[in-house]
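These are the structures in question, set out in turn.
Shared between the two complexes below is chain A, which pairs with chain B and chain C, respectively.
After this line comes the complex of A and B, so read on.
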């Protein structure tokens, strides 16, 4: 065989792989190039930040510098970590309660969790002027009194690693199936399959392992998301952050944004991989009901929070709530509320009529994510600019192009990771016939 | 109990043990009388905690990949 003929043969063999694996369509190449370009711009912006320092961003010191030290990066760190919640939760619930209708979206959820955790870790690294120092110092000097100990050990390390293991364990069978047919990824599939044999006893072993993993991951993720809430909620000197509702609020909003993202990603995957017969409207209806329950809980938390700070709050809390409800941040706050309530109305209407539309569920997923991003921003920023206990004037913070470029670069990187995964491995678990 | 169960259980126990020991005894300062007390009792105890997590969860890979009889 000539060397020219080999790629052609590999290409033909790849055509036999399911879900468009290995086939680089013009649409996918355009998507890849666009996302790579945005990622490159983000990396350039980050390079400028690392070489010149955080002074090139819109962030400034608290108090005398009238700024905010935590800005867009921390808001998106919280958002990305929140998104990671739903993927693995849904995947775990599917295994524990054997919700067969949701099985086709399980791997999408697992992948979403892994990718968003990586993006969350990168977002918090972007917030640090010298990130390498943080890595060394957290390992060397981290101590349990600091919520960052939990963020580092539970979220970045434990949660990410557990999710990767879960993704691997649940993917071995598909790797073994794909390893049987010749393709350019055959070696990779063989390595991933690690000698997997699809026997009844192996299936029992897999089911048992994933069940216990799921049981271990669910408390881990509740602790992990609570820990992120504690980073804010335990700061007694920071009105707007200090409060018992922060941790549960973080967990619930994490669920809202995560399931919203899972719905959107599942709809895109369903369209891109032509798996309409696998990812059914029923699966979306399940996710929509789950989203609705969490959304109503979060809206209740919001009402309680607003009532508490407006009923009989101290002076600084009053200044903060005025900034949120009628002042500088009012458009973001009410924008978030309108987004969340609109999503709730969309979902309730479908639940009442019992007619579920993927388009409307997708819209609800997008709306809750707009609301979640805005709420994350409002949790992070206003308490720094409008809630000083010391007699400093009111501050301000506006993210500049460097920060937006880095954040957009992170989104593009996440899209790239998912896009590349879809071209290498089935993102929807294979059926027996495949 | 077969090899699969024994090794998996051991890995989980070692992992959990490392997490508990590093969290309770190594990472937590035991005094509050000087600035030195702000450091953990043993440096890199957070790293040990992470190693504990890695070992505990890697047990799932061993459990599924191990070729011995069930």
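After this line comes the complex of A and C, so read on.
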């Protein structure tokens, strides 16, 4: 590359690549630096944990140690896996029900699925003292009878792999289009396109492949999110966990947090890449209706669950529900309920008036995620501290800065992955007419 | 094949916690770790209160929830009913701990070598050294590292490596030699009895034959091998009134 060629090359790139790909704006650099800094803090906290043992976290043993042995990491592992719901659902709606209005947000959803599954895997690895041993022993000695097995096979291997394939197959057309123009990433696009030239016959094959792939991933999605629910729902020895509603509840709350996240991310992408004409209010309205349906289902599940536990009122269940409804965890529980209900009210109001505002839909997306995180925490922790069947005194658990730093580091890492993707590949699919 | 069981006589137990001490010495467990634990509990309102004691070793369930949930088979149940942990296979996910309704699992939150010295004892003190022979910290029972049983597996008997789960082993290293678990032999009032429950003449079978008994949280279907004689199962009014130091210091 000669020095004279540089300005000209920059010029062609500006013209060639849409959505600001390859151009490092000051805003993006600030974003990148901030996220990299938070990720670095998380990695430092994780380093402290690996060198000193999990003693540096706020977690302690159940029973005589009066702690919670699963804490923030497991709560966020469940949350991240839940968020992955978004991508495939949107893809399925587009491919199977032909809701074309959602097409511009499809890739955002697929990317969100892949990123959140990676974060979920990292969160559960952060919870293990010996992650390297976990990888080796799970491959060598994995037992399908353990509900955790589903996490490592169904979720992290199967679901993540299928989602990656789906993301790739649906991205090939854009890679082929971009590979025709000279640009910094031309070689990359050529490799990604892998011979795809967007001919009519290839398009038909592609459409069929994505249709069947979407159809195949839907049962995988239900099974994967259910296995996470089974991790808790099958444990008869832990009041508050055992129950048949746990698995479907996990699937539905996964949908709520996943679609909520997709709404927020799509709004941010729309603003950052200046694609207001592509991602329309209609697309947001569709996502909002989907979110509302899932949210109402989840609120119904919550009522059923609370009613069952308080009405039957076994001794330990009563201790637990007292802690949730009026005791130690009441502020988290009612905080979650208030955010979920306000999100529902916001969405219902817009549905009734038929006036959809992206700002309000974004607010609903943010509120349901606050509620989802709180509910995940409440599933994991109180049953350990307040539901002992033998006369152990009540325990307590407060996550400390190490755990928060690792979790925030994971969020920042996810933002980094999405941010880098946006600078390399069009996150909003290119229009047909280009 | 023998089928081991323990009978705990709650009418005899006086809550001296000698069994807890014997377990710590036999298995060299770190600070705040009690493979054998004795609840000292109280029921009723003052002045009509009643004090009772409940020894809680691992229940060595015949349908063990911890074995079911272990994703790598590190927690296993031998044919003779003893439930053990392979510390080299354990990945430290702590699923067994949340699955166990009895709270018998202890995770090694820190490097236990350092924890041995955490009893606020000065081991260089001549009076202390006269007793310890300068060995502590930390003496380690060499039997604990042996491979046990037909499976020839490690049992987490005092392996104490950071980041893995451990619990009561019924002193498998002693049982395989034909001895009783340390807690049983040490009990000054013979509240603990151990033996082959399928042998009608074993001490535990003879003891259980004469008395009515119950198992802890039997309704959960775990089918424990620890059987309680006399006394009553803890109820919702039972509260713990005194406990040893159970805080792991960082």
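Note that in this section the second predicted complex is superposed on the first by the 420 of 434 C-alpha atoms of A that agree within 3 Å, B and C clash if a C-alpha of one lies under 4 Å from a C-alpha of the other, contacts with A are read in each partner's own complex, and residues count from 1 in each chain.
FYI, a residue touches a chain if its C-beta (ideal position, glycine included) is under 8 Å from a C-beta of that chain, and two chains touch if they have at least 3 such contacts.
The structure presented is a predicted model; accordingly, all values stated were derived computationally and were not measured.
Can A:181 be said to touch chain B (first), chain C (second), both, or neither?
The answer is neither, since A:181 touches no partner chain.
On the A-aligned overlay, A:391 touches which partner chain: chain B = first, chain C = second, or both, or neither?
In the superposition, A:391 touches chain C alone.
Is A:25 touching the first partner chain B, the second partner chain C, both, or neither of them?
neither
Just to be sure I read the superposition right, which of the two partners does A:152 touch: chain B = first, chain C = second, or both, or neither?
Both partners, chain B and chain C.
Thinking of the overlay built on chain A, is A:143 touched by chain B (first), by chain C (second), by both, or by neither?
So A:143 meets both chain B and chain C here.
Would you sort A:100 into first (chain B), second (chain C), both or neither based on which partner it touches?
neither
Now for A:169: first (chain B), second (chain C), both, or neither, which partner does it touch?
In the superposition, A:169 touches chain B alone.
Quick one: is A:54 in contact with chain B, with chain C, with both, or with neither? Answer first, second, both or neither.
second
In this superposition, which partner touches a larger number of chain A residues, chain B or chain C?
After superposing on chain A, more of chain A is contacted by C.
Give me the intersection of chain A's contacts with chain B and its contacts with chain C, in residue numbers.
138, 140-143, 145, 149, 152
Could you pull out which chain A residues touch chain B in their complex?
Per the stated touch rule, the residues are 138-145, 149, 152-153, 157-158, 161-162, 165-166, 168-169, 172, 194-195, 201-202, 204-206, 208-209, 212-213, 216.
Under the stated contact criterion, what part of chain C meets chain A in this complex?
32, 34, 37, 39, 41, 54, 56, 65, 68-74, 89, 91-95, 97-111, 162-164, 216-217, 220-222, 234-236, 238-240, 243, 246-248, 250
Can you list the chain B residues touching chain A in their complex?
4, 23, 27-29, 38-40, 43-47, 49-50, 53-54, 56-58, 60-61, 63-65, 67, 70
Under the stated contact criterion, what part of chain A meets chain C in this complex?
Counting only chain A, the residues touching chain C are 52-56, 59-66, 69-70, 127-130, 133-134, 137-138, 140-143, 145-149, 152, 231, 235-238, 315-316, 384, 388-393.
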